[in-house]
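Residue numbering begins at 1 within each chain, and the chains themselves are lettered A, B, C and D in the order written.
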Amino acid sequence: MNDKITNWTASDDAMIENAIRRGASRRELLTMMLAGGVAASMGGLILGRASNAVAATPKSGGALKAAGWSSSTADTLDPAKASLSTDYVRCCALYNRLTFLDQAGTVQMELAESVKSGDAKVWTVKLRSGVTFHDGKTLSSKDVVFSLKRHLDPAVGSKVNAIAKQITDVKDLDALTVEITLANPNADLPTILSQHHFMIVQDGTTDFSKGIGTGAFKMETFQPGVKSIFTKNPNYFKGGAHVDSFEFFAISDDNARVNALLSGDIHLAASIKPRSMKLVESQPGFALSQTTSGNYTDLNIRLDLAPGDKADFVAGMKYLINRQQIQKSVLRGLAEIANDQPVSPASAYHNADLKPKGYDPDKAKFHFQKAGLIGQSIPMITSEAPTSAVEMATIVQQSGSEIGMKFDVQRVPSDGYWSNYWLKAPVHFGNINPRPTPDILFSLLYASNAPWNESQYKSEKFDKMLVEARGLLDENKRKEIYNQMQVMISEEAGTVIPVYISNVDAISAKLKGLEANPLGGMMGYAFAEYVWLDA
Amino acid sequence: MANLVEIRDLKVEAKTDSGRRIEIIKGIDLDIAPGEIVALIGESGSGKTTIALTIMGYARPGCRISGGSVTVAGKDMVALSERQRANVRGLEVSYVPQSAAAAFNPSKRIIDQVIEVTRIHQLMPPAEAREKAVSLFRALSLPDPDGIGNRYPHQVSGGQLQRLAAAMALISDPKLVIFDEPTTALDVTTQIEVLRAFKAVMKKSGIAGVYVSHDLAVVAQIADRIVVLRGGEVQEVAGTNEILADAKHPYTRELLSAFEPKPRGESIVAALERKPLLQVNGLIAGYGPVQPDGLPLVKAVQEASLSLERGRNLGIIGESGCGKSTLARSIAGILPASAGQLTLDGRELAPSARQRSREQLRELQIVFQHADTSLNPAKSIEEILGRPLKFYHGMKGKARDTRIDELMDMVRLPKALRSRTPAELSGGQKQRVNFARALAAEPKLIVCDEITSALDTVVAAAVIDLLKEMQRELSLSYIFISHDLSVVEAICDEIVVMYNGRKVEEITPAISKVPQHPYSKLLFSSVPKLDPSWLDRLERDPELVKTYVQG
Amino acid sequence: MRNYVLGLITNRLGSAALTLLIVSFAVFFATAMLPGDTATILLGQAATPEAVAGLRAAMHLDEPAFFRFARWLFGLLQGDLGTSYVNNVPVAELIGARFVNTMRLAGIVTLFAVPLSLTLGITAAMFRGSVYDRIVTVLTIGVISVPEFMIATSAVLLFSVYLKWLPALSFASDVTSFWQVLKIYAMPVITLTFVVSAQMIRMTRAAVIDTINTPYVEAAILKGASRRRAVLVHALPNAVGPIANAIALSLSYLVGGVIIVETIFNYPGIAKLMVDGVSTRDLPLIQSCAIIFCIGYLALITFADIVAILANPRVR
Amino acid sequence: MTTSTTMSRSTGYRFSWIGMIGFAIILFWAIIAFLAPHIIPYPVGEIVDEDYFGPMSSKLLLGSDYLGRDMLSRIIMGARYTVGISLAAVCLACFSGAALGMAAAVIGGWFDTVLSRFLDALNSIPSKLSGLVVAAAVGSSLPVLIIMLGVIYIPGAYRFARSLAVNVNTMDYITVARTRGEGIPYVVFSEILPNIIGPLLADFGIRFVFIVLLLSGLSFLGLGVQPPYADWGALVHENIGGLPFGAPAVIVPSLAIASLTISVNLLIDNLPKKIRDRSA
């Protein structure tokens, strides 16, 4: 990073990037930077940095090696079951979706030529013609029907079963046309289909170990929990990847991952911890790539259990959590301060007028006193499983101790956390991965019947608004309703969302073409197809 | 004639726990002529082994030669470097250790260890060394001289190992051989063979020797000159005959007197009503898995029957492996008998100590040979004696303290030793504690398993006196197990001779001291006498020796 | 005599088999205690009750646990390690390559660590009380005192990041030359040699010192043998039993205890596999790994016992 | 060795200076651990430094950790956990291991066989993995941690104590005690224990080191003391990212571990000896 720019933090970089994504003009950006205290002459340099990927010309060849952070014997090539970052990366390399999201967060067509609907209830998908699978078979609508219907079968164990349930019927109209019928109108279907789990596999596939897809790479070696090696698919319908081969594996230890990058063993170390940034920055020939995609770790207070059944406890917690400190110390600036609702600034629907609550121990104390909870020991479940939750818990605990609130922080093992503690404990941490639309976020997390209703928030008004917005094809109206819903969550729900966490991938300077993507780090896990190695 | 060894004003220091150095050899002068055999005699702690080892320039760990000179064939071993000393060791002076069983490396073949000296000093090619070793084996009357070397140490008997150790010492044709109590660990019948072999080889090749021993009778057979040591100082030096006939020093006379037969003295209990105290009928005991007939695989004691009357003592003698200790352990219930009955004072005893009542256990106490291993080294004398008082008699506090003092008085131990641990006591003192512990139980019968074997002659005699005295005062009975005939004769009313697990003869010394059974005869005749010509005059029936000596 | 030795060895093998049985039961009960099952863990955040129930039925997890265990144990007796719950692959297949990796790493470490430890341990014993001995003793305690991940990370920083001599990761595959093997294994081998040697050095030194204080070593010195000869020829052969035991105990660590090294160097070994098994509640995998660790441990211990028996002419 | 038979009263203890240094360091850490809450300059959870992996300064004597928390305070509180947990666990392991080992040696027979096999089985599961399973099963509270660490090291302590006790058990004084009619507990604790206490203490020391290390190894796997507190091993691990900068946050806890484990061993190798002069 350039030393001359003072007070310019990585989060400022992220802000600019977001603005670019949302489609801000160059003039608006320069205004923003002036407000941030940066001289206009400097502006060009930063913009150059933020969008350097666009300028260079790709080179062909080379063997790309990259490391994610999690893998196990549960590694799978079945997109429906994909659960770890490594699964997503592998699926992106091997398969394609009907649609995908570009770095600006807008829907682009991939295997589909068009996804259209008149009433947002019955959708017609036209497929690209001439797309072939790795084994030479041609993509047809049968494959799409099979791929989508799988998610409805409980025996498959699909991760998106809850979302897929709104699909009531899928049928092939002809070889390249598929009709999808929804239970209720949903204008977001094209975005929903851009999620990684909706990758298209061959009709009738039961053995996923071969990884036969339409993607930019073919499977060469797949050892669950060890590594995967891919080779370039010469018949790729988009025209082929830049690199000849791609090797991906996971190094779960953060330091080991960074060290592997620094020693030149890999080109990309995904999702490094903020504390490792200093080291990467101190070494020449390496850079950081940051994505603010709307991932967040939240403190969940169940409204139906003590102490969350007292509204003042929840209100107090929202003042007690030191967002600034979490952003600065825990995440080293790699985060944006959030306002207790799940729609991040990366989304076009983010309500920028809703200001985050400031750190105010006195107000917090007032609320806790009102709730009669001062001096009581309140258990708070945390774990390494939700990102930085242990550190956040420590900070809340420390702030609490200054006003006489005792939090009994209990760190529990990561494995089993999601099934044993998340959603269950009265006060606990959760972590929500980015979802492309507010509709998905709200229906998964805040609707009265939401499967992951972290704080057991129940509001009939909210439910009605959700259904109403879903069916609306008028963008402005939808945005207005979503803005209101964000205010409701921020004020009423028991989820304290202190910051949106940026993902930071450390990369070798040789790796070019990496851009940010709202679906997550590593270009929404699909980087292998787009990047090239500069010799 | 120049002396082979000249020791002048030799001083050796030892380091104590506190790091203080104390002198354990306090200025010794000693000469050894070529071909002369000099005996160093004294009780343990007299410094006899320490002196012998200095001739090789060696001091055991923790010790150090602090002054004087030890000249061996013109070289002062004290002044030499470690490397130069190594050149003398094994070559000019060699060593026969007290226990060849421990001094042979268990994991190497005997022959390799015997000829190792020639290898170290590069004296001759291995093949030649082997031949020489075999001829030495023959000269030392070892059985199967050609094959014995290929065995491992555990595969040959103790007496053979001792002779093999001598062969190891002699193979380099040294000028001087140091024998460190080479026959102490052997049975008497075996000892004769070994002594004869040593004497023959030494005389034949004119090698000088230093013979370290505590047993005057053994030394008398082999040494030309005797040096009497005590507390690191020479008490008397004289020719063997002179010492035996006309000892000047009082300590020497004390040593000699231990050999005089003592009158047994009429037991005072003898006058009392004679009632059987212990009866043993058809006792069988042994080791190994139980066979279909309900008896163990290895029967160490076969059908032994004994009877002991109250106030009388029973001696059991025999050589190692005859089953005498097994018998003692079966009586005490340590090794439960497989068959046979035990009756103590009219009541039947269960075979295992675990099944006996506390009262029965109290009435029958056992005292072991090694006071070192029978006294817990981590406990003070007070604790050792106090435990049975508390356990059997529930004594506490003052009463117990008083009783401990009484017990120590009885066994003639100074009260100052109360809080000492066994390691701080001498061998004799330890054995007294061992005995006092048995007395603390106030038993009717004490089984004494070789309790004097590990003691020096003078000390052993004193312990025997103590036993007799206790018997008079407390009307005890003893079963006295030993391989040492003189000790048994000194105290017992009846003597049972055991051989190979069986009782071969029962002798009542008061009636007849002459054994009838051939083995008993052989055993009785093998006990060395103070007469220097005893060994040379002793004639043994070769057939008898072949039958009964494993040697 | 020969029969006696055979008997002793059979006895050792029998007790090893008994231990294995105990382990398989213990592992079964321990894993049965784990909260959550494979279905819920696999679904993670997506674990809705219906989804879990469906997956459980599909994976046959709805059968009683003991029944599953019995079936697994029965299969094991026929050499079948069962099928992973998680990805339906035979456990033997999952373990296969990783087991080879683990054994290879263990083998290479053994090749370095054992001679090193024996040399240091024996020489320290030979020159007991000397400055050399003190240095070795203090260094071994020092090395024991450093956490494994600290050693590993320091080694990576030094050799990979700064000096760039060695790769930071160790993949067992794509090895083409001996030089590459050396490079790839260098880091984990350095780390593990540090970790396992210290204890072996200590034990070797103690065992040799024990035998140095015996009459037969004194006898050797009195034959004119040098200190070196007395230790190497006379003391050492009799210390083989305890040394073999110490080595076996240390090496057993290499079979299943190297999770940290496997993690830091991304080495695909069997310890990491079991950690995965635990976090996904993949019972056949956990049980099979545990059995393998147990077999490894018992094989080493039993081997050491047999070495001790054979090295001792008294029982041979 | 030959020594004269006259005797003097034993007159006290001999304690080498190496042992004294070891003892002093242990005492130092024990006092720190005891006083910890009263002497920490900042609360352990408080972020006092804007920067992370800060250097030593007059404000933060040992610099700051990866979150900018005061390292000195964290190490002082860490002493409580490292010393406390390890000590409790090693006591548990050595006491029960030694008691079982001695009992097995004395009782023998099937008791010995079954117990030995069972503990062998326990020992054959790698310690970190059994730690992982236990923590996954019952969580990682302080008592669970101590019991787990203790149980993991029982087999080792058992093996060691048993092998020592088997030797002592062949001694005549044990036979004497048993023919006196003494029960197993007396034989074990009064007759055997005092004779093997020396080697047992040495074993205690080395096992203490192992437990400190295993505790830090567990922190690598995410198990251990509850935040904001951390034992030294966890401190090393959470700050290991500072190693390339030589940050005190990673160096100092490493040194603390080394100082404790080395001094425990120095002390145990050089325990005060009661002087038993056998001669004046």
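Observations, loosely collected:
Following the convention adopted for this analysis, a contact is a pair of C-beta atoms (placed from the backbone, for glycine too) under 8 Å apart; a residue touches a chain by one contact, two chains touch by 3 or more.
This is a predicted model, so every value here is computed, not measured.
If you compare A-C with B-C, the chain pair joined by more contacting C-beta pairs is A-C. If you average the CA atoms of subunit A and of subunit C, the two centres end up 41 Å from each other.
Subunit B has its Cα centroid 88 Å from the Cα centroid of subunit A. Subunit B and subunit C have Cα centroids lying 49 Å from one another.
Taking the mean of the C-alpha atoms as each chain's centre, subunit A and subunit D sit 45 Å apart. Of all residues in subunit C, those that touch two or more other chains are 34-35, 153, 157, 161, 263, 278-279.
In subunit B, the positions touching at least two other chains are 60.
Those residues of subunit D in touch with two or more other chains are numbered 136, 240, 243-244. Chains touching one another, given as pairs, are A-C, A-D, B-C, B-D, C-D.
Listed in rising order, the residues of subunit D touching subunit C in the complex are 113, 116-118, 120-130, 132-134, 136-138, 206, 209-210, 212-213, 216-217, 220-221, 233, 236-237, 240, 243-244, 254, 257-258, 261-262, 265-266.
Every residue of subunit A that touches subunit C in the complex is listed here, in rising order: 67, 72-76, 81, 83, 153-162, 209, 223-227, 249-253, 255-256, 259-260, 262-266, 283, 414-416, 418-420, 422, 451-452. In the complex of the two chains, the subunit C residues touching subunit A come out as 34-36, 39-48, 50-51, 53-55, 57-58, 84, 86-87, 89, 94, 97-98, 153, 156-157, 160-161, 164, 167-169, 171, 263-266, 268, 272-273, 276-282, 285. Subunit B contributes residues 53, 56, 58, 60-61, 83, 86-91, 94-95, 97, 99, 102-108, 116-117, 120-121, 152, 154, 168 to its touches with subunit C in the complex. Across the complex, subunit A is touched by residues 43, 45-47, 50, 52-53, 66-68, 135-136, 139-141, 222-223, 226-228, 240-245 of subunit D.
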